[in-house]
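The same chain A turns up in both complexes below, where it pairs with chain B and then with chain C.
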Partner chain A sequence: MDLYVHPLFEVVRNEKKCVACRACERQCSNCVHAYNPDTGEMEADDSKCVNCHRCVSLCPTKALKIILTDHCFRPNANWPGENINEVYKQANSGGVLLSSMGTPKPHPVYFDRILLNASQVTNPPIDPLREPMETRVFLGKKSQKLERNAEGQLVDNLTPQIPLTMPLLFSAMSFGSISYNAHASLARAAAALGICYNTGEGGLHADFYPYGPHTIVQVASGRFGVHGDYLMAGAAVEIKMGQGAKPGIGGHLPGHKIAGDVARTRMIPPGSDAISPAPHHDIYSIEDLRQLVYSLKAATGNQKPIIVKIAAVHNVAAIASGVARSGADIIAIDGFRGGTGAAPTRIRDHVGIPIELALASVDARLREEGIRDDVSVIAGGSIRSSADWIKAIALGADACYIATGALLALGCHLCRQCHTGLCNWGIATQRPDLVKRLNPEIGAERLVNLVHAWQHELKEVMGGMGINSVEALRGNRLMLRGVAMTQEELDILGIKHAGV
Partner chain B sequence: MPIEGQVRIPSGCAIAGIFSRSGERMSGDDVIRSIAVMHDRSNGLGGGFAGYGIYPDYAAYYAFHLFYQEKKHPDAQQQCEAFLRRHFYIIHAGVIPTRKIPEITDEPRIWRYFVLPLPEKQETSQLDEQEFTARCALRINAEIEGAFVFSGGKNMGVFKGIGYPEDVGRFYRLEEYGGYSWTAHGRYPTNTPGWWGGAHPFGLLDCTVVHNGEISSYDANRRFIEMFNYQCTLQTDTEVITYIIDYLHRKQGLSLEETAAVVSAPFWSTLEEMPEPDRSTQIYLRKRFSNLLITGPFSIILGFEGGQMVLGDRLKLRGMVVGNHGDRFYAASEECAIRAVCPDIAKVWSPEAGEPVIVTMDRKEAAGTCAPR
Partner chain C sequence: MITIDAGSLDFEQLGDQLRRLAGEEIVIERCLGQRYIGSGLKNTNIEIYGTPGNALGAYLGEGSRIVVHGNAQDATGDTMSGGSIVVHGSAGDAAGYGMRGGTMLVRDSAGYRAGIHMKQYGQAYPALVIGGSAGNFLGEYLAGGVILVLGLDRPAGVAPVGRFCGTGMHGGKIFLRGDAIPPELPPQVAMQPAAPEELEAEILPLVREYAEAFGVPPAHLTDRPFLRLMPNSRNPYHNMYVNN
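Up next, the complex of A and B:
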């Protein structure tokens, strides 16, 4: 299968430290390690190693490390080894290359070229340890006409909103693409944090209905697991039109992952492939989207805000404007560096645009049209740290979606082999022996820690800016400056260069 | 060196206000003496005043005060007057009287016009009289280079320029005017002098704002308010605050108290402990208008026909003192500014963070354009 392809990683075992306890062998779902009874030593098959660090992390004597091979082709700037190997693989298999998680290509990351402001002299910084620092937000339409009752009192006529203790949500990852325990961790953490997680297109496992107020339920093109109770269970319903990692592409969860609870939750027979079409077959244009939005509103008795999630593609601003006029309460924009459980490599690495540019142009466009208040905007697609999160809010996001960061907190080591279903960390797998490696209690605690840490950092940065409520940071682009960017990039981001 | 509008210039300041509840007309002398005490809070790069009830003979007409930068834009006045003639009936026009003093130099040409919208123009626009007038003023400022409307309400006027406020007051001969309400501003910008239009108060129709502080929410507020036909051409905090108040109060019909609850919203922890029905109303306002929350230090005096409102930020990061003495209401950045004109004042206090202090004339009918419709 992998004819001509030399293993990318080498397993290095310190024989002096190794006690041949065979823990690595038991831990590795890829069968890299084996015990040789003749020599009494452990052996490794480098070609199977995905560099997930499971064995390294659990080796009791710290005898293992994984290194990148220094095996090489004749140097060629135009044909790097990766390209050559990909040609070999496709010549071997005749197939589309598959990948997982976000693109590893060195595309520009605009977040890294944006710097934040702080107060000096003319305006006092605020110390979050001494003064209240507010991060609560409500997502949903805010443009209703004011109404007063007979006594002249203002009437709360806002359509349903998603209340969040901070402008952050865990983004869509389906039960099936990730494990029961991963979902349990996300659900518990979301509830503990007062935020939301997202079911993705896999339905909602019966056990997780109690976390409904902290759940976004997704309706995607395959409609898996969608029924009345499901729609009513969540804090909001998300229509998934696209995903940043694979715009224009549907989904495919192979039959071997559709077993037991996954099949039941998706409402499909065990063992059958779950194929989500590229388009929704009832949405071939914007007016069709409007019908689905209002169908879902009708199905939920107008009690749930409707999110429309779109991938960041070239004319994302015009699309978002159309979505805002379609009755959606919230638009989620997913940038092309975002993650995935499986996507064709070429699509993931080459289709779409970065979230920073997409978000900035959507926010500006909705303002130009005077409809920014008709919708909230959630940005996702590689929010890697609180710094990215803060910059996204200042560019104009009402909130951000994170997923890869959340999986890392659960133990993911970004080996990018989710599509194999052999996740040694119990996250992207349905194999019971692997799933049980992830303890949902510990997982939830680690997620809570991560998000709390980010919230602390958000408050520190806001305090430095002299801002004591996150709504005053939203769209506050004067708090941003660019470095090492062209004027056109700055203009699209709507920010000034550092120094002016 | 860029001026206001081309660059954002933060500034510290002094503000003061005097108000007669019975509508008794006071000369500009008192408010000049009051702001002069806080000389060190300004640096000579901007001062100004707003007076209400000063044009009783033309009370029915909008009084447009204009700066013309005649040296740079010699055609500005001609273009502006042509625009005014196309849109308004001009009942009176002339130079605003000033006094030559050594402290004030390099002034632009300063004119005023008493106008009413031409009925046919206004009807075609499908706007009410105020909105039509406001849009025309904003259009002049945005489109006619070298012309700047710095005051445009009925029976009131803004007087401002580059200099210490007490000198600006003498320059405009404010002792010759009589008004029931005065506000004053001394500016301490952190940059070199801008131009006369960048001084404060900032006004739209009869609403004027004097402001001390530097708001950290500026760009969030600006980008939101610009969705509603406002153009923040000066890039100053005062300008955006004025537009926010105009939007919430005049256009959305919120009361001044409700407006204050939006811009200086109480913290969530405070909101949750409020008794009903205030709790629901205030939570609604905060959710509905979260983009118009103002953060960072500020204290303002809002002047409007028939009243004043004093408001500070939600953390009380800028000083503000108010006081009552008989018929009179006083407000200032520092108590000394009140004592300077009313040494035996009966009651002085500092309002709570975000707490609006609103005074209006005893004559209810005088509550004009700034009252909710």
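Up next, the complex of A and C:
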């Protein structure tokens, strides 16, 4: 199978420290470790190691480490070893290369070339430890005009909104691609934080209906688990048109992951592939999208905001303009560095555009057309830290989606093997013995810790800028400066170069 | 029984009225293409005179019944999970998209992409019956449930479906009246004559339901043999990928 492909990692065991307790063997779902009764020693099959650090973390004597192999091909700048190995894999199998999580390629990260402002002397900074800082936001269409009734009193003409204690949400990850305990962790954390998590396209497990006010339910082309009660269960309904990691293609959860509760929640027979076609077969135009938006509004009695999620692609600004005119209340834009539970490698690494450029151009386009307040904009696709989050807000996002960061909080080590279903950390797996390794109480607590820390960082940066409400940061590009960028990049981002 | 004159109502006014009347027996007269009628409603009976617009009975819930005295337009019964829709006429494109339960009976023909990605789980087993013929891509990505096409508008020897019937199907069954082979069947689809037990247990109950709904003698509907289309595999793409 892996003819010619040398193992990428080497398991290094310190024999002086190893007590052959076999914990590594029990912990590894990839069956890397084995005890040799003849020698009384542990052995390792490097070829199976995915470098997930489960054994390293749980080794009681810290006897293990994983290193990158220094085995090499003859150096060749045009043909790095990775490319050569990919050719071998495809020649061996005839298969499409399949990967997980966001692209690991060294694409430019514009967030890292953007710097934030702070106040000095005039317009003094605000100390968030002493003074109130407002991070609450409401996502949805904002009415353009005040209406009064015959008695002159204000008429409430506000369409439904998603209230959030801070402009952050956990983005869509389906039950099936991640585990029950991962969903439980996200749901509990979202409720504790006053934000939302997103079911993804796999339906909503019956146990999680109580978290409805903190849930966004997704409708994708496969329509898995979609029914009337599901649509009413959440704070909003999201139509998935695209995903940043795999724009233009659908989803495919293999039959071996469709068992028990996953099958019941998706409402398909166990063992059957869950295929989400690339297009919604009833959507071929903005008018068709409008029809799905309005049929969902009708099915929810106009009580739920409708989000339309699109991948960041070349003409994203024009597409977003169309989406804003479709009646959607919120547009979610997913940048191409965003994560996935499984995507063809070539699509993940080469299709789409960075979220920073997409977000800035969408925000500018909607403003130009005078329809910016008709929709809220959620940006996702690799928000790695509060710094990325703050910069995205200043580039025009009403809120941000995070997923990889949330999974890291749950114990993910970014080994990028989600598609194998053998996640040793109990996240991207349905194997009961692995799922139970993730304790949802501890998981929720870690998520709450992470998000609270980010919220505090947001407040500190806002305070430094002399801003005491996050809504005053949204689209506030004067708070941003670029470094090491061309004029064209600066123009698209709508920011000035540092020093100007 | 409550009658609504829809002649001067837009889709939102009509939708608001229907939601307020959920659970009742409702008659809509002078229906003029209003969309989303009955969207998500449970245990509600709606009889429609005139022409309902797109997405009729989308996400329809258990215990509901919609009868259309006329033609339906596109996306009828989109993602419906229960109840029934009976169309005394033809349906447009994408009828029964993502249906996961309930029954849809179309007296005449359906447009392109009918019954796409229908699916089943346990007791939820959707059925789509088309009396006339269906356009291209019938039952594309079919994942469960049953589609029956009677081809009453086609002479013997002419298949009652268009091209690419069942593309990507990985569950469910399609029954076609007659023995004419559909044009350009994709490789995922295995075609066989329907077995006698399938005729008895799966086809005849639907035929009787159709005959009763539209007042057609059942014998007329079973005067030709039936073909059965099923997927070659429930996991059509499992060999497509290599771990990277």
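To be clear about the criterion, the second predicted complex is superposed on the first by the 497 of 500 C-alpha atoms of A that agree within 3 Å, B and C clash if a C-alpha of one lies under 4 Å from a C-alpha of the other, contacts with A are read in each partner's own complex, and residues count from 1 in each chain.
One rule holds in what follows: contacts are C-beta pairs under 8 Å (C-beta built on N, C-alpha and C of every residue); 3 or more make two chains touch, one makes a residue touch a chain.
The model shown is predicted, which means the values in this text are computed figures rather than measured ones.
**Student:** Touching A:Ala472, do we find chain B (first), chain C (second), both, or neither?
**Tutor:** A:Ala472 sits against chain B, while chain C stays out of touch.
**Student:** After lining up the shared chain so the two structures overlap, which partner does A:Leu146 touch, if you call chain B first and chain C second: first, second, both or neither?
**Tutor:** A:Leu146 sits against chain B, while chain C stays out of touch.
**Student:** More residues of chain A in touch with chain C or with chain B?
**Tutor:** For chain A, the partner with the higher number of touched residues is C.
**Student:** For A:Gly222, is the partner it touches chain B (first), chain C (second), both, or none of the two (neither)?
**Tutor:** second
**Student:** Thinking of the overlay built on chain A, is A:Ala299 touched by chain B (first), by chain C (second), by both, or by neither?
**Tutor:** second
**Student:** With the two complexes superposed on chain A, say which partner A:Ser57 touches: chain B (first), chain C (second), both, or neither.
**Tutor:** neither
**Student:** Going by the contact rule set out at the top, does A:Glu131 touch chain B (first), chain C (second), both, or neither?
**Tutor:** In the superposition, A:Glu131 contacts chain B only.
**Student:** For A:Gly255, is the partner it touches chain B (first), chain C (second), both, or none of the two (neither)?
**Tutor:** second
**Student:** Based on the superposed arrangement, let me know which partner A:Asp156 touches: chain B (first), chain C (second), both, or neither?
**Tutor:** Only chain B; A:Asp156 stays clear of chain C.
**Student:** Please identify the positions on chain A that touch both chain B and chain C, taking each partner from its own complex.
**Tutor:** Comparing the two interfaces on chain A, one with chain B and one with chain C, no residues are shared.
**Student:** Taking the touch rule as given, give the residues of chain C at its contact with chain A in the complex, in rising order.
**Tutor:** Chain C residues touching chain A: 11, 15, 19, 35-36, 39-42, 54-55, 58-59, 61, 74-75, 78-79, 81, 93-94, 97-98, 100, 113, 116-117, 119-122, 124, 137, 140-141, 143-144, 168, 170-171, 234-244.
**Student:** Report the residues of chain A in contact with chain B in the complex, numbered from low to high.
**Tutor:** 119, 121-124, 126, 131-132, 134, 136-138, 142, 144, 146, 153-154, 156, 158, 161, 367, 370, 372-373, 465-469, 471-479
**Student:** Could you pull out which chain A residues touch chain C in their complex?
**Tutor:** My answer: residues 86, 89-90, 92-99, 219, 221-224, 226-228, 231-232, 252, 254-255, 263-264, 266-269, 271-273, 275, 277, 281-282, 291-292, 294-295, 298-301, 344-345, 417, 419-420.
**Student:** Which of the residues in chain B end up touching chain A in this complex?
**Tutor:** Those residues of chain B that touch chain A are 8, 10-12, 190, 213-214, 216-221, 223-224, 226-228, 252-254, 258, 265, 267-269, 277, 280-281, 283-285, 287-291, 293-297, 314-315, 317.
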